[in-house]
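Inspection log for the structure reproduced underneath, given as structure tokens.
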Amino acid sequence: MTDLPTSPFPALLVGLPILVATLSLFFRPRGKAVVGLMGCLLTGGLGLIALVEVMQQGTVIHILGGWDPPLGILLRMDSLAAVFIGMTAVVGVFISLYAWWFFRAREATNGGFPLFWPLWLFLWAGLNGLFLSNDLFNLFVTIEVIGMSAVALAVLSGKTAAQIAGLRYLLAAITGSMAYLFGVALIYGSTGTLDLGLLRQVLEPGATTTFALLVITLGLMIKMAGFPFHFWLPPAHSSALAPVSALLSALVVKGAFYILLRLWMEVFGVSITFSAGQLIGLAGAIAVIWGSWQAFMQTSLKLIVAHSSVAQLGYLLMIFPLLILAPGVAAGSADWLSPAWTAGVYQVMAHAFAKASFFLSAGIIIMALGHDHKGSLRDLASRMPMTVMAIGIAGVSLIGLPPSGGFFAKWMLLKGIFLSGQWWWAPVVLAGSFLTAGYVFMLLRLAFATAREKEPFRPVPKGLEVCALLLALGSFLIVLPAEYLIQFLESSEAFGSGIQSIMEGGTYGND
Amino acid sequence: MSVLIDLLLAILTVYLALQCLLAQRLSQSVFLFFAFGLALALAWVRLGAVDVAITEAAIAAGFMGVLFLDALRDFSPAVSENQEDLKAVQNPPSKNATKSLLLPRLALGLGLGLFLLIALEAVWKTPDGGGLTAAAVALLPESGVEHPVTAVLLNFRAYDTWLEIGVILLGLLAIYAAGGINLYRKPGVAAKDPLLRQVILFSTPVLFLFGAFLLYFGKTGPGGAFQAAVLWGAIGIMLHLGGWPVFAVLPRWLGQLILTLGLGFFLVLGFLFMARGDALFEYPPAYAGILILIVETLAAISIAAALTTIYANINQMQEEPKQNESTT
Amino acid sequence: METTSLLPLLILGSSLIPGVLILLLREDQSALRSFLNLFGAVAKVSLIAWVFAGYLRGEEYTFIFRLAPQLTFALQVDQLGLFFATLSSVLWLVTTLYAIGYLEGGQHRRRFFAFFSLCITASTGIALSGNVVTFFIFYEFLTLATYPLVVHLGTDKAVNAGRTYLWYTIGGGTVLFLGVVGLYVLAGPVYFGQTEIIASLISENAPQLTILFFVFLAGLGVKAAIFPLHSWLPISMVAPAPVSALLHAVAVVKAGAFGIIRLVYDVYGIGVAEQMNLLTPLAVLAAFTILYGSIRALFQDDFKKRLAYSTVSQVSYIALGVAIPGVLASAGAIVHLVHQGIMKITMFFAAGSVAETYGHYKISELNGIGRRMPLTMGAFTTAVFGMIGLPPIAGFVSKWYLGLGAVEAGSYWVVLVLLGSSALNAAYFLPIVYRAWFCEPDHERVSRIRSGRLETRALLLIPVVVTGLFSLAAGVFAALAGSPLSIAREIAEKFYLL
Amino acid sequence: METYQIYILTSAVLFVIGMGGVFMARHFIKKIIATIIMGGGVFLCFVSFAQRDALTFADPVPHALVITGIVVAVASAAFALALARRIYQLTGEESFTNDK
Amino acid sequence: MIWFLTIVLPLLAAILNAFLPTGRRGSGLIFVIATLPALWLGLAEVSGVTAQWFLLEGHFSLDTPRRILLLLTGILWAAAGLFSGSYLKDDARRGEFSFYFGATMAGNFGLLISAEVASFYTFFALMTFASYGLVIYSRTPSARRAARIYLVMAIFGELFLITALYLAVQSAGSMLLADIPPALAQAPNGPFIFLLGLIGFGVKVGAVPLYFWLPLAHPAAPAPASAVLSGAMIKAGLVGWMHLAPVGLVEWPSLSLLMVSLGFTATLGAAIIGMVQVDPKTNLAYSSISQMGVMTVLLGIGLYGGIPAVMLLPAIALYAFNHGTAKALLFLGTALPAKVGGSWRLLMWAGLGIGVLAIAGAPLTGGLWTKYLVKTFLGETTLPGGQTFLLLLTLSAVTTTLLLSRFLHLLHRIKAPSKNVAPPFFLPWILLLLAGGWWTMSPALLPPELMNYITKGKGIMAFFWNRLTNWDALWPITLGVVLMVLSLRFATFNWWPTKKPLLPPGDLLHIILRAGDPVAKLLRKGISLLDSAMKSLLSPEKIFYRLSDDKRTSKISASAETLLRRWEFVGIGFFIFFLTLFILLR
């Protein structure tokens, strides 16, 4: 563990945003925005530099306080974390730029929401911390930072609906965290360590481990709005301010997924069964169908987009069954692991870009029209072609049409599905695409329709539209470096690994 | 004998928790919550976790309790009945509605029961992992403090603690956000009961000293930044209650400085040493003790300020006129 | 495979770049827009001609970009692809002219022309794709690029048509996606022409291959408008005439048909397909579609709708030809790709011109239109006879090869289908011709929307005459070296030599 | 039966009670209290292990974790309370009414 | 070059004349010029050419029978073209007429000079569809009806035709028409292919039972068009048959008998039906059917073997030649009685008489010649029933005479102009009379060996002055004329209809329509039912739209989502998920 190169970046990635956030509190609203934006650009730049650093040096670590685990905390930045951080950086920078124009445009009426900036920086720090963390308890703290700042951002608009949704979100988040923490407590009790690397070596299968796995999984499922627990997501995401919605759906939910994936892959391998993976996959599959269908049935733009997040997160869960090898399958022969991992990573990235763009576009529309009932989208294509373009491109990525990132992810997912022989997931992937196409094109259809009556239309800063469009394009551009990226990711320990399923009933309760 | 006490305490805790949630009146709930917190604090003491006990009593039971109490003034002013009961009286639910509620509740109960059984089995069968006591003991001398909990908090796992201070500040920001208010609105003035003011005036220095003691003592024994901070925070709250809105008097920049000092200094210090080539939050063993003390003190001040401000802000919400819906 | 050339990319760029640039122009910069459009179109035609010449000299043009292991974006040039690309680019040039004339003074022209260019980019991309996944990429790209064109008018009808259009095409795309992934999983990256890969799998994975074939077919069948996946086509008739023309003649339906050709000949290989008995169902479906489309066409009064159902019917000729083993039928299928294109585009141009000049949209309004627009309707009539399969027009040639191929293969029922279709073609097309030339105009209804010296705007007239002449020439000079037929024959012969 | 065992069982019970409260309680405040009870259960679990693993003194790490945890939980709860009060002020609602 | 000019010139003429304004002279001349290459080819032996660029490789060449027919066709088109030039000079739609006329001409020439399937079919189709414009030319309701039936039948024929060609080409392995008869003789499905061709071309020929469009369509066209329709174009079908028939190579008794019997049925039946018509052109149309029947018989006996193709086919062509010129003369003549007055009428009647006699086969006309050919071959054939055929042939001479006398009688009823005038188109008519007469007399058209075969080497003059032949030819005609005169003289026998034909023209058509009407209705209903069923049922998107646009659907899904958003249900979900996962992890 300690033989890996040390780098200051992990510490900076968490420290700097919070420092800037703290600093920004001293400024007046306008200054807060300036400092916040600067901080965002700085953090984004830092994230990208860190990504490059990892590309050059391989996995880097930062031993906080100089205390080795298990007593101390280790920040570890492997290629997987680096990619997530890099993604957060890019998406974050664009959303920040958008937010800058967005809030400036409404400064006069709403005061410009200066709190956005420190909260967003806190959120960013939390995300970076989460991706870097190698410690179960520290993960808890980071998800709490993320959770609180996310809810705070979600209620920032001050609207009643947002606040009710925010409270629901917050309660769900707390419940999820507590469940997670319960699992952490049990793990600590049974192993005496919190460090993921050590845990992998010392964790023994047994009733406690299984239970800990259960509550941790469920807790994280709640936080990432996995299928039966998606209840908080659509209202919260849809009622927030546009840049916030973008942040929440593009980045925040991914955090919980990231932990869940890492814990399953790196820590709890000893007690995971093939069929458990199937259940997670099933939850994902239902989420895909249900979320897409619900999105299809919604009448307001942001609700559509929010429900769509539920579905898109479902795809993420669907890689779990592929990563667990049925009893008797040798890890060496499982050639579907790499595609499945690629699918997961790409789905995260593609969704981050596309959904961010989608929400930002929704924000533009709301700014222009004053509301986002889908009926009012009529004739938008001629009034705001760039925004419609952004929606179209982002939507295409969500659907998974080539050559978007979403396509790449679905390609890899399907490939994994076929290679592993778990063909029953394939129809779900397709049905999901199909339904997604349903709502995406419902929007476009309206955008191209001629307006029945001319609604008042406020002009929107061009910068907003450019940000949304660039993000949408980003969801396509991520495919270009795919080969290199996969190669890079393969240097991470987790990437491409699978869990050997324990034999049914073999090891449970034999203590 | 001690087992019996523990058993009784355990049963009491569970009972209080149950009652707290089952209580018909909200005020009952809140009081039971106080009691629950205290019972839990007792349990901490029984388990040898005095630091935790103090924190629990001060923050979880004390601070939260005060906030809940304060909230009581808000909710359902006339009758403290549960909302659903009130509504049930106002418009009697149809048979279907009750039925539709009953079944899910039964299912929930069943689920909870099974969950409990499984959870009990799991905790019961937890293998002995050994903990980190030995490691902590071994490294304690290098940490610069003598109290192991403080060592863990402010040195071994300083990162967590730093983040946690951040969470408190974040909580404050979040509450601002929840209020839909701007950061720069100063807390208003509360009631002015002369007797109360006297009591508050009297107790302020006492609390301050006790807090300082706890803070300093934290180096060697139970106590530390959080505990001190709660006491100092209590001062702020009481002053606020007494009509001396602390943060209203201070210049804005000062208030902000106080709020952010703990977090900021902690981090800047960490960065300074990092610039030297060390890791973040790595203190040279020689100066560790004093640095930790400074950090702790500043953290305590900031936390106290944050708690005060939180209280003040939450408290103030009710007085604020219904804000015009900001159209987004 | 080793040589990499940017020329294929340049061919794509010749329409992609104008498309993007047009999007950046202002709505009122119509001269510049037209210039860009035409420049791109001409550039594309010349580039393709250049590449074609190079190809005939034996040069290889391949562009490869690896996205991931086993996932390659590959453009390569082969005869079939060039054949299709030539068709696309030439008709694009013509249609661009037509569209400039058609949309003169219309709304949203920037958007229209931009997507128009993107659409042809996709079409050329399909033609030049070197492997299945690249094909799929452009196949879907095409769906998207055509959507704004279909809903261009923005009326409720148009928008609803767009909805149906998308449901079908996206559905087809999704299914195709499944097939593509399945193929990759089973056989690895399959480049077009590497039929030996599938052939080597046939002994072990026959059932999977069979299923995959039909999955592919279902995916491609949507665009090729094979029954029961054809409904989108008549509905998307609400689009402006140049779009319908391009959609029906070149871009969309042809993409499907072209895909089927690729699937059977270049992926599975005709030998394997025949050996596994995959072709009979395709033949039956195609045959049914041919008759079905014709019957439906009988009942349409909307001019373009009738043409659309006719397309449903006609495009299936290609599938039918593919499904009949034998050089002749294959050549017929491949050449029909072009012949149907030029004939149908002529018809749509004519329909569009009539609608644009006199406001007639229904067949019942067309009485005597031949007198007023003799050149337009003359071209239309030529195309009609071609469709029926009368010589010496292009349609005859393909039908002749198909019929002969069917006889050669012993599939006499196919001949019956062809005959039935011819009869039905006559039954629904000749009334139009009859009305146009032999009925007296209802005088009170005749009012010309735009007046001018010519029978209609020059830009509407020239394309229709040109394509009309094309369809005549493609038949009359069919035996000439370099004619569509001769190329198609060469392609088909290659398929059977492999 | 040792002390920690009693408390460890208690911790599970408290967690379950808290969870039940989160799901079943109607009033915002009760839900918030329920989350704190949940947290209490979890912290009790930690501290019980600390006591189990005690040498000369109890395991300090869980203590530190719990202190951190409590503060975090309280911060969240305070935030939740603020939100709840705000909602009540704006709408007069004391519980989720399940409309969107 | 000349081969292409044969086709291109008529097309050019068509376009040129289409732009010639009404009332301008010269269109007739243009048409005549357009026929010159064809006439040249008909007279001079020009070796064939190959046009590799044309269609599926075009080959153009002629053999004797087709040269004869080309000559006939050239003459007829020249005469009809010249005729039309003045006949329709002031017609408002002359341009249109000329266009179709020229196009038809091109088709007619083209199909005769084509030596391979594709171009043959091309020009056949061109002729068929272009002549639609001629049939519908007058735009009267009856013309429209006739045109419609013509078109339907034409397409019907084309379908059989193309099938026959597919099969024939496939079994021949070559597109050359010359390769087809041997291939059919070899192929096991040869008779079937020929039968298809028989039906396909039979439509054009007007063979029983496919003739019914003919009495409607031919009279509907203006006189010059009728002339070429009945004189030249009708022979295109015959050419088609000749291309397919493996004469002398096979012994197909049933097909042979079928053709012979159908031919005689046409010969006699059509004559009888034609007699009871009241329109002279209809009468002539039936006569055409009747005469084509004779040719059918001739070809039919060829299929029984024994008679070499080089003998039989020129003979048929010559028969066609005679009939074509005479029939064209008569058809053009129908336009005359109303316009020709005074002494010119004498000439007119003489010409018409010659035409009638030629068809009937009177001595000194080509009719005798050709009838003798028929008789010879009927006598030679080994087909059972040869004597009966001879009898029937003789009988047909009687009926033909009756039919054509009836034609003259019908013309006679037309009121003549009182002045002594001849219309400008009288001249072309006379020219045709001369040309037809002269070429009929000439033996040069026949190959010498056939000539020898017929005349038993005695030379042509011996044939013409054979008393027996003349007598054999003369008595049926005399009988017919006598019968006609008698029936007109004596009122008791005069049951000739005057206003309404006893049998409506296109006799069989009415039966078919009567019988077919309910079937057609049923069919249409069925198809439209099918159509609507397909419209509603087979569009999955419609079902989906109905589902997704339904208020209830959105309500249900919204309430389901609301349910999932309730904390209780979240809890239930939580525990279900928990327990399932728990069980799965054990």
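Each chain carries a letter (A, B, C, D and E) given by its place in the written order, and its residues are counted from 1.
Throughout what follows, a contact is a pair of C-beta atoms (placed from the backbone, for glycine too) under 8 Å apart; a residue touches a chain by one contact, two chains touch by 3 or more.
Worth saying up front: this structure is predicted, and the values here are computed from it rather than measured.
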Shared interface partners, meaning chains that touch chain B and chain C: A, E
Pair of chains whose C-beta contact count is the highest in the structure: B-D
Most remote chain, CA-based centroid, reference being chain C: B
Maximum centroid distance from chain D, chain identifier (CA atoms): E
Distance-to-centre winner among chains (Cα means, whole assembly as reference): C
Centroid spacing, where centroids are CA-atom means, of chain B and chain D in whole angstrom: 11
Gap in Å, rounded to a whole number, between the CA centres of chain E and chain C: 38
Rounded Å distance between chain D and chain E, as computed from the means of their C-alpha atoms: 100
Centroid distance [mean C-alpha coordinates] between chain B and chain A, Å: 29
Chain C residues counted as touching two or more neighbouring chains: 167
Residues within chain A bordering two or more other chains: 71, 137, 141, 144, 148, 151-152, 155, 160, 163, 166, 186, 188-189, 192, 210, 214, 234-235, 438, 509
Sequence positions of chain D contacting 2 or more other chains: 8, 11, 15, 18-20, 22-24, 31, 39, 45, 48-49, 52-53, 61-62, 65, 68, 72-73, 75-77, 79, 83-84, 86, 90, 93, 96, 100
Contact pairs between chains, per stated definition: A-B, A-C, A-D, A-E, B-D, B-E, C-E, D-E
Residue numbers on chain C that touch chain A, as the complex places them: 23, 66-69, 71, 73, 107-108, 111, 133, 136-137, 140-141, 143-144, 147-148, 151-156, 158-160, 162-163, 166-167, 170-171, 173-175, 177-178, 181-182, 184-186
Chain B to chain D touching residues, read off their complex: 2-3, 6-7, 10, 13-14, 17-18, 20-21, 26, 29-30, 33, 36, 40, 43-44, 46-49, 51-52, 55-56, 59-60, 63-64, 67-68, 71, 74-76, 82-84, 105, 108-109, 112, 115-116, 119-120, 122-124, 126, 128-134, 136-137, 148-149, 151-153, 156-157, 160-161, 164, 167-168, 170-171, 174-175, 178-180, 224, 226, 310, 313-314, 317-318, 320, 322-323
Chain D partner contacts - residues on chain E that touch it in the complex: 562, 565-568, 570-571, 574
Contacting residues of chain A [partner chain B, same complex]: 6, 8, 11, 14-15, 18-19, 22-23, 25-26, 28-29, 62-67, 70-73, 109-111, 114-115, 118-119, 122, 125, 129, 137-138, 141-142, 144-145, 148-149, 151-153, 155-160, 163, 166, 186, 188-193, 202, 204, 206-208, 210-212, 214, 241, 366, 370, 509, 511
Of all residues in chain C, those that touch chain E in their complex: 164, 167-168, 227-228, 231-232, 292, 295-296, 298-299, 385, 389-392, 396-397, 400, 403-404, 406-408, 415, 419, 422-423, 426, 430, 437-438, 440, 475-480, 485
